[in-house]
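Chain lettering (A, B, C and D) follows the sequence in which the chains are written, and residue indices restart at 1 in each chain.
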Amino acid sequence: MSAGHSHDHGHAHDDHAHGHHELGFIRKWIFSTDHKVIGMQYTVTALVFLFFGFTLMMIMRWQLANPGHVIPFVGSMLSKQLYAGYMNLATEGVLLPEGYNALGAMHGTIMVFLGIVPLAVGGFGNFVMPLQIGAPDMAFPKLNMMSYWVFLPGGLIMLASFFMPGGAAQSGWTSYAPLSVINPGQTAWLVGMIFLITSSLLGSINFIVTIIHMRAPGLTMFRLPFFVWAQFVTAFLLLLAFPPLEAAGVMQLMDRLAGTSFFMPSGLWVSGKAAEWVGGGSPLLWQHLFWFLAHPEVYVLILPAMGIVAEVIANNTRKPLWGYRSMVYAAAFLGFMSFIVWAHHMFMTGMSTKISTFFQTTTMIISIPSVIILTALVISLWGGSIRFNTPMLFAIAFLPMFAIGGLTGLPLGLTSSDIHLHDTYYVIGHFHYVVAPGTIFGMFAGIYYWYPKATGRMMNETLGKLHFWPTFICMNCIFFPMLIQGMMGLSRRTYDPNIYQAGLASLKLHKMISWSAWIMAIAQLPFIFNFFVSMFAGKKVTENPWDSTTLEWAAPSPPPHGNFLTEPKAHRDPYVYSPPGRKDDFLPQHVVLEV
Amino acid sequence: MDVAIPCQVKPHPVTGIANGKLAIWLFLASEVMLFGALFSSYILLRTNAETWPRGHDILSVPLATLNTAVLITSSVTMVMAWAQLMMGNFSKGRKYLAVTLSLACVFLVVKFFEYKDKFHHYQVWFNTPTMVAGHEVTTITGHIEEKTDDFIKFLPDPPKGHKAEAGHHEPIKIETSQIKRLSNYGPWHSNFFAVYFTMTGLHGLHVIGGIIVIGYLLGPGAKLWHRDRQFYINRIENTGLYWHFVDLVWIFLFPCLYLI
Amino acid sequence: MNNRCWNTTSLVASLTLALLAGSALADGKMGTATVKGKISADGKPTPGAPIAMGADKFCLAANPKPVSPQGKLIFADGTLPYAFVYIKSADGKLDLGSKYTPPAEALEIDQSGCMYKPHVAGMVAGQTMKIVNTDDTNHNIHSLPTKNKSFNFSQPKKGMTKDLVSAETFNNPEVMVHIKCDVHPWMSAYIGVLPHPFFDTTKKGGEFTIKNLPAGKYKLAVWHEEWAPQEIDIEVKDGETVEKDVKLAKK
Amino acid sequence: MGVQNPGYWLPVDLSKYGYKIDDLINIIHVFMLILFVGWGIFFVYCLVRFRAKPGHRANPELIHAKGSKYAEIGVAIFEAVILLGFSMPVWAAYKHAPPDKDKAQHVRVVAQQFAWNFHYPGPDGIFGKTDQKYIDEAANPVGLDPNDPHALDDIVDVNNLHVIRGKPVMLRLSSKDVIHSFWIPVMRVKQDVIPGTVFPIWFEPAENATLGEFDITCAQLCGNNHFKMRGAVHIDTPESFQKWLDSKKVSTQPVNAEEEFKE
């Protein structure tokens, strides 16, 4: 970067400081090109979607714990016929099987594509990553804005699908053909997905260019905070894994709207009559294309969370991360491997021994880098001086939760044990342990950690702890029983488990899970309160409230448009904590040591 | 008030390219995955199919060859536009750009006629083998002259190699009760046409995208030349990369769909 | 489920329909003639296997004796239940040239003992429907029309009722619309959707009666699930009762 | 109804070879438990010992943790062992060592939204021809060809699979419409049923298997009433199997309508 650019920064900041040339409300907060504002837009939108997706699940939890009983509070609302031909989720206050399927499909879709990915990548990636690399903004600010404004309509189409004729998608978030081609409601889902995929592509290109081209002087790749590395790998996964799903989505849309038979085999006989499709297609083709995206997607969900946890742990143990380089290599290897394990979701589709051998071997191999990252994070605790603030509580809670999630992946990744566990509650327990107490804890840690940077004020610690402890306990009471239910042989996506012996025998667990879920909902109230009230009432902070070392803490809190007052330079590794012979127990990357 | 972004115009010291070029390469990587998925699906469907038509039997190879030539020429003119701009010849560069744009439009027009023909060409499958023009057949192809609830008047295609005597063929009347299936050559006709329309359609959308971008750079976007010459040339170069990719996809599509 | 909102909706819907129908007062021509008769089978029915009620424990309990598919049923004297008898115009069209508003009462279909009651019924296009589940098991009711919009919904609980407003039922004449339950594949019902109210379904003794027919020449059409359809020319005069017995041949 | 879930762990295993899968699952879980507990102890120890104390500073030196390397290598070795020693042989046996065809019971399974149609070949041991055009959802759900002599003695039952203990069962799975997944938890057998393909699978009820009825589940979301796609496997003795077979022999029923219209 030339000197001219740093001059520009200074100039940009002057504009801001004087306030005369301030952008109008719309350009500043709605159609903003500032990565921080876009990051916050993503964060808030994603949190709203997460809350909505969680609400859908609470309705399903009612049905599972009390099959056939009138849903309290919302039952009558869901039974209202809004217009002729409207697909009701419930009748006479009781959830319908098709309503249950719609809620299930939308819960999965919303949580993954509208909640966690936008929060982890769109929110944290956008807000934190340019700051951490000392950049004034993203490489393409307008593209960044567009990415959000393509994401939002995609999400709104998904939500609106509940009110469209035919209702919301009912074929699961996996949308297996031929069911998804036959079922109502899928078209809106596909259109929504195409918007979301486009948004992700725009975002990921922006991220990669920014990380490669816009690092501050001195900030070599191996001086990057681990979070940036995680985002870097994630962006590649999004870039390369999403397009096949887009192709598959287009094909499924063609099957639905143009009567093609990409995924429709010959001779289908649906509901008492021959189906209209010519046939000749392959249902397995959809599964391959879908999982080719959806397995890397798992790492899209988990890597940013690992990144956040690494930041928070390094900061709060007051010592450098243990095995930083091996973590980076592990993350890159993880990203690469995630492209060649997808078919372990398809062991039960009649896979031959050779192919299954390949995929279970790659699946076992991919567990190794996860173990390395996890081990490195735990060993990082050794010899530290651990501060138990709210972000740290969430970050360290992430570790055992992710460990359970990862370990329970083992029996699922082996074909023989998968015979019994495939498509049971064990699977649900497994991936929720990775994503819910795993990723979401990472996200909470990130929110508490970077909140002062975004707003200039701290979140309340007491409320934070009031949020953490019940959430932590409830999460385990929700997902651990699911592992047992799956072991007992309860099939997932079952509207009324009571007609099965495994369901009847584990009904008590269902009740326990549901109660825990509702208690957990209440436990989110302190967080919501804390989140909004701290914006005005939180303790004011200077630029570096956590005594942290990475570059984002060199910018003012909140950082102005253009981020840094003077162009930062990186002089050392990211986590120089408790250096010997210094009074402070941290040495930020940008600080020039006076000799 | 925009923040100054480094490497917007000048190449990055390490990678040696500017932001835009890196981004376009990444974009093309994702495009490779998109079309790669479609080509894989095509291979899978074709290898699994009991029968798969030869493209040259049912598609117009001459038109597609013409289109191939059109697209390749447009790629050449795109490079010429960039070269002229590099030499500082703004007006010549624009002319080449305009030629590229018109060639892209020609491509779409030709494609439109190809599509239109398919939608007016029908195939009839009979319930039982039926005598048509002295042969017992289960299916015939041709054009519909008249359609009612009870019957269709159908003008069969001349047999292969008898195109000159097309006049000999009279329309025949087919009762609705005889028809097992009646379909034009739209995407619903068979998996071949599903693949054909989806892939060429998606490629066509890419061509339209190219037209919009080139049109912008030719029209309102050209002002940038006077403000920041290098920036404008970069944009032309990046658009060119994209355009070559669109061309390349067609070069794969042409043999895959029309020839083999 | 008669909650207030629902009633308002159906009220609005029926009002809209009435308006759309244009001159609602200029309702279709009604007459005083009657056609009656018996439908019977010409030959012996193919014996059918009993329904596999064991598929669902509830259904088995509700039907301790073996049950035949309703379409196979025949009375000892050879007369047929579940034949749908209806009037066509003299040139064989469903439309009699005059518009009839559907009756206000809904066509009720009950899911009882894992069978549809009635198995065969007629309705005037646009008539409302009421679907009831009196079984303590989950049913889904799936219509498979070719000229109308399809519906497909579940009734997982005993006593559930769903009122279908006019716009949700069958609005185009179609003989017959097949309705089935996907959970219990044997459950099927057939609805004859007509643009006029001149139809009947045979019951005990294969008897049918079509009343209030205006004088004129018609075709008397008969449809049965298992037997070949038939059409017979008839002529009726005001106040007259025409008797027509029809024998259906094997399909 | 047999008791399928005696406790909060795996359902009873009534098959001859299911123990192999159970062993694998149990071994992995013991390993997971050891790993998690060992790791957890270290984790909690760190949290307690290295909590922030006034006047105490973190030690920035990174320890040479040989333990972690050993742990990682240990995990890798263990994974290799269960992969090569357990999972792959069991899977290969399941795929490549079907029982003797002549000694097995053969059943065709036709899945549809939302029922399992079980098609038995009858006394002649030969499946009758089937064709879509004969399908009658009430009377002939698998579309048996009435003109095929082999079809006359075939038995079709919906949602009820009868097997004899000690006798291997070979199933040919197919689907009419969408993807289903055939799962008998007590037999430790599961297979997706994808339309357009026939999937041969097999299992063997143990000779001392509990008699009675157990769940068959559709394990793949197949539509709005997916949950209702429950079948039952009846484990019979040869005698009770014969009794059931005899009850099915009455293939023709009176079609007298009086019963239905008696009120």
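Heads up, the rule we're going with is that contacts are C-beta pairs under 8 Å (C-beta built on N, C-alpha and C of every residue); 3 or more make two chains touch, one makes a residue touch a chain.
All values derive from a computational prediction rather than experimental measurement.
Enquirer: Max contacts between which two chains?
Expert: Per chain pair, the contact count peaks at A-D.
Enquirer: What whole-number Å value describes the gap between the mean CA coordinates of chain A and chain C?
Expert: That pair's centroid distance is 52 Å.
Enquirer: How many angstrom lie between the centres of chain C and chain D, each centre taken as the mean Cα position?
Expert: 42
Enquirer: Counting in whole Å, what is the centre-to-centre distance of chain B and chain D, each centre being its mean C-alpha position?
Expert: Chain B and chain D have C-alpha centres separated by 47 Å.
Enquirer: Please output the residue numbers of chain A that touch at least 2 other chains, ranges allowed.
Expert: Residue numbers touching two or more other chains: 96-98, 271-272, 282, 495-496.
Enquirer: Could you check chain D for residues that touch two or more other chains and list them?
Expert: Answer for chain D, listing residues that touch two or more other chains: 112-113, 137, 223-225, 228.
Enquirer: Are the chains arranged, by touching, as a line, ring, star, complete graph, or other?
Expert: Shape = other; not a path, cycle, star or full graph.
Enquirer: Quick one: which chain pairs are touching?
Expert: Every pair of chains meeting the touch criterion: A-B, A-C, A-D, C-D.
Enquirer: Can you tell me which positions in chain A touch chain D when the two form their complex?
Expert: These residues of chain A touch chain D: 96-98, 101, 170-172, 176, 178-179, 182-183, 265-272, 274-275, 279, 282-284, 317-320, 322-323, 348-350, 352-353, 356-357, 360-361, 364, 367-368, 371-372, 375-376, 378-379, 381-388, 396, 399-400, 403-404, 407-408, 410-411, 414-417, 419-424, 484, 487-489, 491, 493-497, 499-502, 505-506, 509, 576-580, 585.
Enquirer: Which residues of chain C touch chain D in the complex?
Expert: 45, 47-52, 54-56, 65-66, 68-76, 81, 138, 140, 152-154, 180, 182-188, 203-204
Enquirer: Spell out the residues on chain D that touch chain C in their complex, using ranges where they run on.
Expert: 112-115, 136-141, 156-160, 223-225, 228, 250-261
Enquirer: Where on chain B is chain A touching in the complex?
Expert: Listed in rising order, the residues of chain B that touch chain A are 1-8, 10, 12, 15, 19, 22-23, 26-27, 29-31, 33-38, 41, 44-45, 48-50, 186-191, 193-194, 197-198, 202.
Enquirer: If you look only at chain A, which of its residues touch chain C in the complex?
Expert: These residues of chain A touch chain C: 68, 76, 79-81, 83-85, 87-88, 91-92, 94, 96-98, 184, 271-273, 495-496.
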